[in-house]
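The following pair of complexes shares a single chain, chain A, combined with chain B in the former and chain C in the latter.
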Partner chain A sequence: MAVVSKRPIVIGLEVHIQLNTDTKLFCSCSTDYIGHTPNSNTCPICLAVPGTLPLLNDCAVELGSRMGLGLHGEIQRYSNFHRKNYFYPDLAKAYQITQYGLTISDGGYLDIESEGKPRRVRIHHLHLEEDAGKLVHPTADGRLTGAAYSLVDYNRGGVPLSEIVSEPDMSSPAEARDYVIRLRQLARYLDVSDGEMESGSLRVDANISLTNPDGSLGTRVEIKNMNSLKSLERALEYEISRQNKVLDSGGRIIQETRLWDDAEEVTRSMRNKETASDYRYYPEMDLAPIVITDDQIEAFKRSMPELPWEKRERFEKSFGLAYEEIAILTERKELARYYEDTVEAGAPPARAANWVRMEVLRALNELGQDITDCKVKPSALAELVKKVESKEISSTIGKEVLDVLARENITLEDAIKRTGASVGRITSESLDALIDKILGGNPDVVDTIKSGQDKKGGKLKFLQGLIMKESKGQADPREASETLAKKLEGLC
Partner chain B sequence: MKMTVDREVTLRMARAAQLRIEPDQVDYMMNSINDILDFCALVGDLDCAGTPDFSWKMKKLPDRRPDIAHDWSDRDEFKSSAPAIDGDFFRVPKINAEE
Partner chain C sequence: MEIHELTAKETAKAIKDKKFSAVEAVRSSMARISKYDGVVNALITVLEEDALRRAGEIDALIARGEDPGPLAGVPYIVKDNFCTRGVRTTCSSHILENWKPTYNASPVNYMNAAGAILMAKSNLDEFAMGSSTENSIIGPTKNPRDLGRVPGGSSGGSAAAVASGYVPLALGTDTGGSVRQPAAFCGIQGIKPSYGEVSRYGIIAYCSALDQVSPLARSVEDLALAMEILARPDPNDTTCDGYARPKFSDATAMKDLKGCRIGVFAGFEASEMDSDLYGALTRAGDICREAGAVIEPIDLPIAVKYGVATYYVTALADASSKLGCYDGIRYGTHIEGATLADMYANTRTSSFSEEVRRRIILGACLLTEGFYQNYYGPALKVRTKMAEEFEDVFSKYDAYLLPTTPSLPYPLGTKETDPNRMYLGDVFTVPISLGGLPGLSLSMGFNSANLPLSVQIVGSRYGDSKVLGIAAALERLIGRPTVCDPRKLGEVA
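Take a look at the complex of A and B:
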């Protein structure tokens, strides 16, 4: 349900995306840290041992540039790093190396669609920075309050991030959610990041304010600690409601950072928001500036894959699919590839779209699998769709065959045999005889239908199901329904 | 020119650094800062006239590196030199600012 606000809502997002590199931003430690022993992915550089020097990961520059290009940003020929100082031991250096002022990509936009309406969200910039380590508070509930000290794991410290800062162009929690969904999709299409919010590969901080009566921007509040799209929406909805209540009662909004408490579904004040001067930014003299040549930018552009909106447009033109179908099929490029391979293998585009959207995704969902794990080869799916289309097998049996193929690495023919069906249609004469037999064997059901008591059609469906079962799926469902209806009519 | 800090400035610095110091620690911190300032003054007073620049020529090193992981094997050495260790974690003072 959309949140109601008396005052116009203004939302800007800062999205941190963990880049798909093998090593950290400034040292050769592995970025594969999840589940590893604390501090096992560390070295003198990310532990800030005096005398060590950072050295920039070339791959991070390329991935950041690709993301910037995907966002229609201007890749900067010259950018540099700064030190952002703060008093928090999640980075051993006591400062974070980040870009400030001169960033790797400037400007740009991302077009989204939210609640049926198109919207363009402008991008302020994209910059590179290192991630911080993880603090653990040795208390029963894992919270800081009550802790005598903290523990720190620097495995994540130094992992490369790209921070994408939007302009305050969103005006509802739903728009903020849809912006993040589109951003994540872009990152995945570009192989820049896996974009998993649950594992922390994609993190969102939101800045939200309510517009003053004179039209000027109200005081903004930053919200952190939202670990899912649902959390993002709920946190923004809560904050809109809280700020409206404060203003209605004559109070004023304080510029601050608030943490979202997912369990209690409230935001809590964390600290007064630092300003840039608190961070005492100054240039990182241990790193050379990032210089990107025109040739390199051209090479990045040439290596860009087909982007989501380009794919959607092509699917519409080439396959004539509806918007909703295209949206699902192009959500992930792996699924789009799977669909295209199925069509290339001979399946009619519209039918293939139905089967992939409805049946393949259902089967994968039931098995808890991803499309990349799918055992049903596109060529097998294409053959199956063609057999159903030509009525060699019924759609009911086709779905059963698909389920078998999804579970086991066997051929289409073996899967059809496994379901007990044989390829080919039952003749009209055999269908007639089969229906007579079923009607004769179920006089109570027939009486109920004849007396007009089967108002919801449950008994009729029961008979239709029996026909499909007894014919082992060889009956054409439409022909079976029509024949059954005629015979029942004759009995009335 | 020699600089010094008094108790008031020391407390202000601690606040700016978000450090909580107990009353009996203020003099210790003030004296430590003044020791550092004394050393800076000593360095500043040195007569460096005629001393050659401390620089040397070295070939230009690359400013980026390939994305290839290396495992660092001497982590125990760092752990042993850390102020406090708790299992595999480094132990650090609790943060006051978040409360």
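Take a look at the complex of A and C:
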């Protein structure tokens, strides 16, 4: 939905992604915290037991650097951590260890397409930080209001995040959404994060302002608590309309943080500038600075996989596919890999693209499976595509065979047998006999056609359909129509 | 000599030579503690049973012909801000009154592995914030050289224990002078190593940027031995340097000071400090010259003028965030409140003393917007300037001498009421901390009133060996400090 705003919209996003490390940012506890007994995934370090010191996870540094490189950022040879101080029970140390000022990656950009238009979103920086724990309120709705007490679960405390701060380069909720989609795609390509918004491994805060009539930037409002792409768009749309209404009625926008309420579909003020926290940033002296050598940066660069836009370009050049096809096939690198494996196994690129895009994804969708669970091996798909292409089997049967393969771990040959189709195309002799049998069994239809009453050709199509059905799809459609036409003429 | 008069090195040798057993060493230590600690009040927790059991194990090892390590059977004490597994670790604070860590601080593990036996945990100013060891849940520790005076602080318990002959060796922590000043006040030796020499893992922080584990002893040789055991890379502390340390004991073999260039601090008026301490500084310079060193006067204008202010801004800012973890939720004292804010306020207000609260509030204030730009920011710049000043000095000298403290140990209760006056007592120790430099307080005997005199030997970053070498050469000429039977001056002739 395009939003109408007479005042130009300026949006910048802060995206937190959970890094794909095995262990937390500063201790050896697992990052696999979901569903575990509260506080079982903790140790003296992440519980801030006196005397303990943080130990930096090198893997997080590498993943953060890769993401920075993917965003065309400049990896900093020297960066450090700060303490962001605030009291809240989910923060064991009463400060979050985060980067501030000197961050691991500086600058960069991400090219996106939104509503058919390309746009470059500049990146301000990427930094590393630790996640907080979680509060559990024993109320029916899980909210703090009305709770007699609250429980703290530190299982998530210390999980590594990288925060990517964009410049205010987006001008619509759709662009904001498409930026997040591209960012998530990049994170997944780089194996930096699974980027799941629902499970909280990708979180978005938005800053939005409406430009004043004189062209100066309006007052910025921050929106938090959007846990899906849909709620991100909705929240921004709501906020644009709210701010326009305030300004239209002569009011002023105040600088504040607002929370998106997904149920009510409104944003609500959480805190304003006067009550904003002063985080009293202080250098984290318990950690040595992060020093990344030129050699390490080179190694990170060498280990970079093909990036989404590189893959798109190559697919266009090598396979001659249309933009829309490429977009779907390269959305996830696993699917792109699957497609390429299929082509490599001998399937013609254009046909393979169709099959993967239409049939494989449909079959997976019906089964509720991911491409990584797909039982149809690329080599089997390639054989199947080739058989259809050479008319050894019809495309209808081909689709049935694919469905069988998608459900069961069996060979292509067995799947073809299972559909009842004989291996190999029906011979002209058999086709002749089959058509004779069909014509003989449907004298009324034959009469109608012969008397010239089948003006719309519906009866002819009915006969063609019968041939394909009776031949179990093994008849070549063109040969079948030609033979049928001849026989009908011969009967005339 | 009696067991309690021996140094750590002599004790270990005697035990290995079976002159006496580790159990006898522990009994001797216990006898001193039982006899004097009721008055001195240097200890928070005494571990008699554990120590005797451990001594038995050491003796068994020796009987089997095995080597229990360089500190075989030597009783030692740690300040009560070192985590000790299963043993109450209070930091002299109500907030950790009954807290028992589940792990040992790395330095404790190193000492135990070297064969030393932990006898007790010593008193300190709460969270190491103070210079007199008066601000504690167990009350003030008294200076064994004169029970009417403070032992210095914050490692006053460890210093008093070594001076009183409870143990030959103790560990403290020095952030802005917390080992050097009590060593000076109690008439013993203490070295704050270069920042990054010794692991801080398991040390309950006051200021992460400056805290350093520091040994106290009655001989420079024992300090060097302790350094050899303590200073090593630790995978649990990434701020502890990974470099290969020299053999610190070798440095103490230095016979004279020929070829040494030593700067003697002269950047102040003699009237600005105690005349006996000024005399001790001059005498130390003279002795160095007689031992063959080239002596020249030096000035450290930035360090002396801005050191105390820079130190307090840095340390309090760090402390305000570091002490945030005491929220009463996971460990330590917890006091209920009607709201979350009340719970925090109730827990922290009633469990931290006024001095600790003052430092937390000041530190938090220093980091808030506006104040940061006016205080913490400039403090960082001054620290850089100070580092340049030190670098300049060390391009010309191997080490320099300056006072440890501007005053002699003062009577109990006299400075507690005026924090600013107490903070100024750190004028000669805090710049060294800010520079990350090694500083050793060396006993220079006593004045006519029998109060201890001292001098501070400072080296370049990681020049700890040189400091120990110069200190050892001086100690040989001056004589090393002896054990005292705690007394009130005036009562004993």
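Note that the second predicted complex is superposed on the first by the 429 of 492 C-alpha atoms of A that agree within 3 Å, B and C clash if a C-alpha of one lies under 4 Å from a C-alpha of the other, contacts with A are read in each partner's own complex, and residues count from 1 in each chain.
The definition used in the following text is that contacts are C-beta pairs under 8 Å (C-beta built on N, C-alpha and C of every residue); 3 or more make two chains touch, one makes a residue touch a chain.
Because the structure is predicted, anything quoted here is derived from the model rather than measured.
If you put the two complexes together on chain A, you find that chain B and chain C bump into each other.
When the two complexes are overlaid, the chain among chain B and chain C that reaches more residues of chain A is B.
Contacts of A:280 after superposition on the shared chain: chain C is touched, whereas chain B is not. When the two structures are aligned on the shared chain, A:29 is found in touch with chain B, with no touch to chain C. Within the superposed three-chain model, A:61 lies in touch with chain B and out of touch with chain C [touch as defined at top].
In the overlay built on the shared chain, the residue A:52 is in contact with chain C alone; chain B does not reach it. By the touch criterion defined above, A:87 reaches both chain B and chain C.
In the superposed pair of complexes, A:152 makes contact with chain B and with chain C alike.
Judged by the touch definition given at the top, the superposed model places A:40 against chain B, while chain C stays out of reach. Shared-chain residue A:95: touches chain C; no touch with chain B. Looking at the shared chain after the overlay, A:288 reaches both chain B and chain C. Chain A residues in contact with chain B (one complex) as well as with chain C (other complex) are 44, 47, 49, 55-56, 87, 89, 150, 152, 287-288. Considering their complex, residues 44, 47-53, 55-56, 83, 85, 87, 89, 92-95, 150, 152, 278, 280-288 of chain A touch chain C.
Partner chain B is touched in their complex by these residues of chain A: 21-23, 28-30, 37-40, 42-44, 47, 49, 55-61, 87-89, 135-138, 144-145, 147-154, 270-271, 287-288. Against chain A, the residues of chain B that register as touching in their complex are 17-19, 62-72, 75, 78-79, 84, 86-95, 97-99. Chain C meets chain A in the complex at residues 82-83, 89, 91, 96, 99, 101-103, 105, 200-205, 207-209, 235-239, 317-318, 320-321, 324-325, 327, 329-331, 340, 344, 364, 367-369, 372, 376.
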